[in-house]
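First subunit A sits with subunit B, and in the next complex the same chain sits with subunit C.
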Partner chain A sequence: MNILISNLPYLLKGAMITLALAGVIVTVGNLLGLLLGAVSALVGRLGQSLITLYIFVLRGIPVLVIMLLGYYMFPALGYRVPAYVAVATAHIVYVSAFVAEIVRSAINSVPTGQIAAARSLGMRRFGILREVLLPQATRIAIPPLLNNSLTAIKQTSYVSVVGVWELTYAAREVVERTLASFQIFLGVMAIYFLICYPLSLFARWCERRTTVIQ
Partner chain B sequence: MDYLASVFAVWIRLYPSLMTGFAITVSLALAAVPLALAGGLVLLPLRMWSGRLVRALAGTYIEFMRNTPLLLQIYLIYFGLPLFGLFPSEFTCGVIGIALQHSAFLVEIYRGGIEAISQRQWEAARAIGMVRYTALRHIILPQAALRILGPIGNQLIILVKDTSLVSAIGVAELTMTGKVAIERLAATLEIFVAIGLLYLLLTSALGAGLRIIERRVSEWLG
Partner chain C sequence: MAMIEVRGLRKSYAALEVLKDINFSVDKGEVVVVLGPSGSGKSTMLRCINLLEEFQGGEIRIDGEAIGYREDAHGVRHWCKERDNAKLREQVGMVFQSFNLFPHRTVLQNVMMGPLKVQRRARAEIEPIARELLGKVGLLDKADQYPARLSGGQQQRVGIARALAMQPKVMLFDEVTSALDPELVGEVLRVIRRLAQEGMTMIIVTHEIHFARDVADRIIFMDGGLIVEQDAPATLLSNPKSDRLKLFLRRYQGDYLAD
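Our next item is the complex of A and B:
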């Protein structure tokens, strides 16, 4: 316990980086995914197939592989960017595919009769999306989007494998120095738990509120 | 054409090592899936225990496993167990870590399925003279099983992808094999395409298999 306390300032510095990374990745990843999901309701068949392919490929591959891809591809293409940027970009792309799928299936869950009704009232595509589809889809999509963001926050720890310094990387450094693997890793897991658990309670609360009682 | 030829040259050269890595990824998944499914079944009665203390302890454990990164759980097992004089292999540590986290997710899926069955079904079963066990076995579980097959399948696909994390403790599975090859050959994109395709093959095959099982079970249960 002493070792954990004496190393806590260092670990908290890592936790700050984790929070910053998670904030950027969750925000941009969700925005990009929302955009893709909404666009797929507006575009024609070719655009839809492209978005479907994007979702299928990214969802079928481990996030760690995508992070490695980001880490190695930027230099391979001749761009010199910091590892943080490369790996965070890869993670954002990954998260966006999951968000796009959630948004798309939420939009699809609105009965098609409503689209026909809106069209017969003379509404255009964009108007239907904004006034009819999105308000109903949002209710359905919020709980899975929150759970997805929670997963993304936990996944930020994987960037340490690629060599980006954050909480998990800091934990490994401290363990190498002190050999107190059990205390340090459990302590760091507790930090992650404190970050994630409130969000997971909030997600469950939203879930309960939006489920229709049968 | 020259470029395509060079791509295939890289793939052919790497074929044996990628296949070895792929086989290890598949074995990790094959070992972890039954353990995770069974682990969830072990946790289920504890999570739904009638006594409050047991239920709270099980709930705390499950929430802790669900809300901490799998990578750290694997580290805790791999670097922590030696402190207690246990030295399991990297492969074993990875399988245990994956199975522990996924069993915590699976138990919540099982429980959600059981709790989603209306209370009236219980009452009706009891009213026609079924004891608790018979009602559970013949009325509740068949209905719950139908509901939870889809979510279980999704969880198992996540599990297969999570096997890539075991590369962090040095198991030479597919991700690790690819990483080593990239650092040696500098044929970055070609190698990523190969690894990506192998993972896609694995996850889509699993997805298709699970859908078939789901259809069969729903026909069988009516």
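Our next item is the complex of A and C:
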């Protein structure tokens, strides 16, 4: 226990990096996914197929592989990019595919009568999306989106594999130094939990709120 | 002067022809009720008039203007731009069997949706009009409720107010009482009858034959994608000429073994 306490400041420094990394991945990943999902409701069949392809390809690849690919892609293309940027980009692309699929299916789950009613009032595609589809789809999509964001936060621990320093990497360093693997990883578990728990609570709160309105 | 004119309307889904050469017109202020068995094409015809469906042949005119398609120099039909079609839909109000109110908006917001988001009029100007319409359908006290809190009959009256808020030239009613409990039908039909008395041009698809007799200037009977008969209600309902209409009316009168 003492070993954990004495190494806690170091681990918390790692946790800050994890938080920052997760913050960027979750924010940009969700925005990009939302954009892709919304666009797929606006564009014609070709655009939809392209977005579907994007979703299906990424869904079929382990996040670790995508991350390794992202990490080695930039040098292979002749670009020098900081490791943080490379792995964050890979995670963002991965997360956005899941977000796009959640948003797309939420929009599709709004009854077609809603679209007919909006069209009969003279509304057009963009207006229908903004005023009718998105507000209703959001309610449907919020619980799975938050769930997806939680997964995205936890997946940041994979970046330690390619030597990007964050909480999990810091923990492995401490373990190598102290050999107190069980204690340290118990502490790391607690830190990850404390990062994710507020979001879990928020997800529950959103869910309760949306059920009341319906 | 015909407010709605339908000439040679044809519509098919793949190989299935649902409308085969529909011809009729509705004068300004006239109330036309469309009767017919399920699958006869009544609803599809209404949806074509509101351009919610594309159609393969014929012409629909609202207030003299051909809608939905334009012909190029070679006589090939082209579906008009969404912008133009949306403009035309503004003039045609539609009320649906399943209400289709916006569940995330209050009753008042539902009624103001069209004027606010489509006509881009100022809220201050619209709200009194919307409230007046809600008063007209007897739901002023529900203005701030969400649709889910309303009964089916109340929801449908909001649906009517929402369509009226666009000040349409024509109103289309697509089996608007079919999803309602019997005791809620009356409140909706009373609103429609009042509109008829005020001179609104309307096409009403319904299964309520008594209502049709009461409110219609003319009844159209459709079957198999064709207009089989059309006449004044008294004539058509008391002296049906075609076997199809005779059978339809017998079934309606409770002779469920008729075939």
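In this section, the second predicted complex is superposed on the first by the 209 of 214 C-alpha atoms of A that agree within 3 Å, B and C clash if a C-alpha of one lies under 4 Å from a C-alpha of the other, contacts with A are read in each partner's own complex, and residues count from 1 in each chain.
Throughout what follows, contacts are C-beta pairs under 8 Å (C-beta built on N, C-alpha and C of every residue); 3 or more make two chains touch, one makes a residue touch a chain.
This one's a predicted model, so the numbers in the text were calculated from it and none came from an experiment.
Overlay on subunit A: subunit B and subunit C fit together in the combined arrangement. Look at A:S120: by the touch rule set out above, it reaches subunit C but stays clear of subunit B.
Using the contact criterion defined above for the overlaid structures, shared-chain residue A:Q136 touches subunit C, although it does not reach subunit B.
A simple residue count on subunit A separates subunit B from subunit C, and the partner touching more is B.
When the two complexes are overlaid on their common chain A, residue A:K13 makes contact with neither subunit B nor subunit C.
Of the two partner chains placed by superposition, only subunit B is touched by A:S200; subunit C is not.
Look at A:Y192: by the touch rule set out above, it reaches subunit B but stays clear of subunit C. Seen from the Cα centre of subunit A, subunit B and subunit C lie 100° apart once the structures are superposed, a value rounded to the nearest 10.
For the pair subunit B and subunit C, the minimum alpha-carbon spacing after aligning on chain A is 21 Å.
Subunit A residues 214 lie at the interface with subunit B in one structure and with subunit C in the other. Across the complex, subunit B meets subunit A through its residues 63-64, 66-73, 75-76, 79-80, 82-83, 118, 161-165, 167-168, 175, 178-179, 182, 186, 188-189, 192, 195-196, 199-200, 203-204. Touching subunit B in their complex are the following residues of subunit A: 56-57, 59-65, 68-69, 72-73, 76, 150, 154-155, 157-158, 160-161, 168, 171-172, 175, 181-182, 185-186, 188-189, 192-193, 196-197, 200, 214.
Across the interface of their complex, subunit A is touched by residues 47, 50, 52, 82-83, 86-87, 89-90, 92-94, 96, 98, 100-104, 113-114, 117-119, 146, 148, 159, 162-163, 166 of subunit C. Per the touch definition, subunit A reaches subunit C in the complex via residues 111, 113-114, 116-125, 127, 131-132, 135-136, 139, 213-214.
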